[in-house]
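Shared between the two complexes below is subunit A, which pairs with subunit B and subunit C, respectively.
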Partner chain A sequence: MFLKTLSVVKIKNVLLVTVPDDPSDKMVYELQEQVLRSLEKHRSTGVILDISLVNVMDSFFARTIAETTQMVSLMSGMTVVAGMQPNVAITATELGLTLGTAFSALDVDQAFEILNKALS
Partner chain B sequence: MNYSNSNYITVFEQWEDQKKFFCFTEKDAENLQKLHTISAQSCDEVVESLYDHLLQFEDVRIFLSNPEMIKRLKESQKQYFLEMTAGDYGEAYYEKRINIGITHKRLGIPPRLYMGAYSYYVQLMLPKIYNHVDFDQKQAQELFLTFFKIINLDQELAISAYVHAVESVVMQQAEEIIAMSTPIMQIWDGIVVAPVIGTLDGQRTQQFMEQLLNQIVETKSTIALIDITGVPQIDTATAQHLIDTINAVRLLGSNVIITGIRPIIAQTLVHLGINLKEIITKPSMGAGLKVALDMLSIKTS
Partner chain C sequence: MLVDKLTAQGATGLSITSESDIVACRKVIRDLTTQLGFGMTDVTRIVTSVSELARNVYVHAKVGEMRWNSMRSPGKIGIEIIFEDKGPGIADINQALEPGFSTAKSMGMGLPGVKKLMDELEIVSVDGKGTLVKVKKWAKVK
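Now for the complex of A and B:
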């Protein structure tokens, strides 16, 4: 039903990363590694993190996303976080978690639009 | 019945303690039974006299205008009076007294009227106890004290039930107000409007935030207009709640425009040192809508 593993797919010049529903700390760390390696390999200019399946977000996950965004930006890429669930957003605000400089989008479609606008 | 959600009512679990609190003992229960003969003999007279007394007053006559109703009330009043000396002060007694308070509230009878009735009972019973041939001075005093205790207990139950009834109405209205005051609607493809009416406290913010975020996701709206024309006054707590809401909306990937900033609100925000710099603010909903349409590159002619 739900994904148990991370998927990083290259679409044109964008990396689409789909995060499983309840990512472990190990997987979150792996996410950063894989994204950066794929970015280097494919010379992508944009990264979309699809977190629409995630229903629990902890501070480690939030911090890793913020850090990864910074790293991607150092490698001249742009990151968009897509599809956060409303209850995750509420909890995140209550805990004071932010995604740093990452852009956010309602879904993957809109994430592509944001990237297209910014990169064209 | 379960009254555990109330802060004011004496719940049945507290009833035994309440009796102790009023120094009402087994001895008192026995004493009251001794008075039962007097009560039984004089209940007609007492109730008639009570109603004659009550009906002297203009405002009482407004409540008790229907002769049928008076007849019914007198009957239940007799019952009530007899139960006070019946010797059983368990759950049935408790329930009945609680219901009296609730019924009086429902009929709109102010508490002072039935509090007056209790006082009148005491006045009528005093000579009957003291002048009774069976009791000497000391016994009469003890019996009267007992009667006084049960009157006090009854009053307490009736009043706390009354307050409970008022409280439930207030609570119900508060819930309705909350539900009514946060309508969220989509006014354009990609734009939702959320007018805030009244002050935002913790509980309302939670509900408002939930509804707004769900609506944004459901309609895939990239812009949310939060209109605060209906917010009478803003304080640091309200502002913080507003900022929390905005942050949550941004995490989803939508933008927020705050509209309806009145002069008084602008003044307070600046005086309180609340920073809304990164948020687009507009004085009117119209102006906010225009910005939203521009952002979505929607042309209006």
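Now for the complex of A and C:
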């Protein structure tokens, strides 16, 4: 499956954000803005960042995710990063990258469970 | 595949002049290293390094170039990737290789990270004249 653009879908009180496989820097910046604007518009309390398609995560991408999580938190939301590929996790750790205070889940299903428990 | 198209045109390099060229650099090297026979994790390590280095060129020098050479000998494959620009150069290379050091308000994980992900990293930089970064990665194959 190849996704070329960012998808932000509101499901009940959660925003489901699907990141394409090889996002440009511009798209990563847009992700941040779009998530925060949608959060305000829909008054969502949780954000799921589905990165299961993403096959490379460098320091810029990781920093933007960590920052976005912090911004979402300032707007009283909670972020779960879902579906990181094993190769990406290995490389990110070797690079010394972390995702800040974001929670993580194996997939979107598990991310919904985490949010439902935390937000209920 | 982008790399096939470029190779057919006789190209062994790609110029970096815009942000979208960072994606192009990643694509070319992903294709090339996959074709060469690198494993998935090594491909990810190499492509992540390319992403860091191509962005360095774009952020610090605005314009530059990526060149590549693939190497194949019995039981062994390798790739060499060179990034060259005529940007401001790196004042202190040792400092630039320290985790957490950054002049661009980033995390400062780029160069030190690349050093960990690749087998060889060589930096030649002349203050005010430009920078050349050469990385290599090897793998055993059957």
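Heads up, the rule we're going with is that the second predicted complex is superposed on the first by the 119 of 120 C-alpha atoms of A that agree within 3 Å, B and C clash if a C-alpha of one lies under 4 Å from a C-alpha of the other, contacts with A are read in each partner's own complex, and residues count from 1 in each chain.
Here, contacts are C-beta pairs under 8 Å (C-beta built on N, C-alpha and C of every residue); 3 or more make two chains touch, one makes a residue touch a chain.
Since we're looking at a predicted model, the values are computed, not measured.
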Next on the checklist: Looking at the superposed three-chain arrangement on subunit A, would you call subunit B and subunit C a clash or a fit?
Outcome noted: fit
Checklist entry - Thinking of the overlay built on chain A, is A:Leu106 touched by subunit B (first), by subunit C (second), by both, or by neither? => result first
Next on the checklist: With both complexes superposed on chain A, which partner does A:Glu67 reach: first (subunit B), second (subunit C), both or neither?
Outcome noted: neither
Checklist entry - Is A:Ala82 touching the first partner subunit B, the second partner subunit C, both, or neither of them? => result first
Next on the checklist: Between subunit B and subunit C, whom does A:Asp25 touch in the aligned arrangement: first, second, both, or neither?
Outcome noted: second
Checklist entry - So, does A:Ile90 touch the first partner subunit B, the second partner subunit C, both, or neither? => result both
Next on the checklist: For A:Glu33 in the superposed arrangement: first (subunit B), second (subunit C), both or neither?
Outcome noted: neither
Item to check | Minimum distance between Cα atoms of subunit B and subunit C in the superposition (Å) | outcome: 8
Checklist entry - Where on subunit A do the contacts with subunit B and the contacts with subunit C coincide? => result 86-88, 90, 94
Checklist outcome for this item: Touching subunit C in the complex, subunit A uses residues 22, 24-26, 55-60, 62-63, 86-88, 90-91, 94-97
Next on the checklist: Could you list, by residue number, the parts of subunit C that touch subunit A in their complex?
Outcome noted: 19-20, 22-23, 26-27, 30, 40-41, 43-45, 47-48, 51-52, 55, 99, 106-107, 109-110, 112-113, 116-117
Checklist entry - Once bound in the complex, which stretches of subunit A touch subunit B? => result 80-90, 92-94, 98-99, 103-107, 110-111
Checklist outcome for this item: The answer for subunit B against subunit A in the complex is residues 206, 209-210, 213-214, 216-217, 220-222, 244-245, 247-254
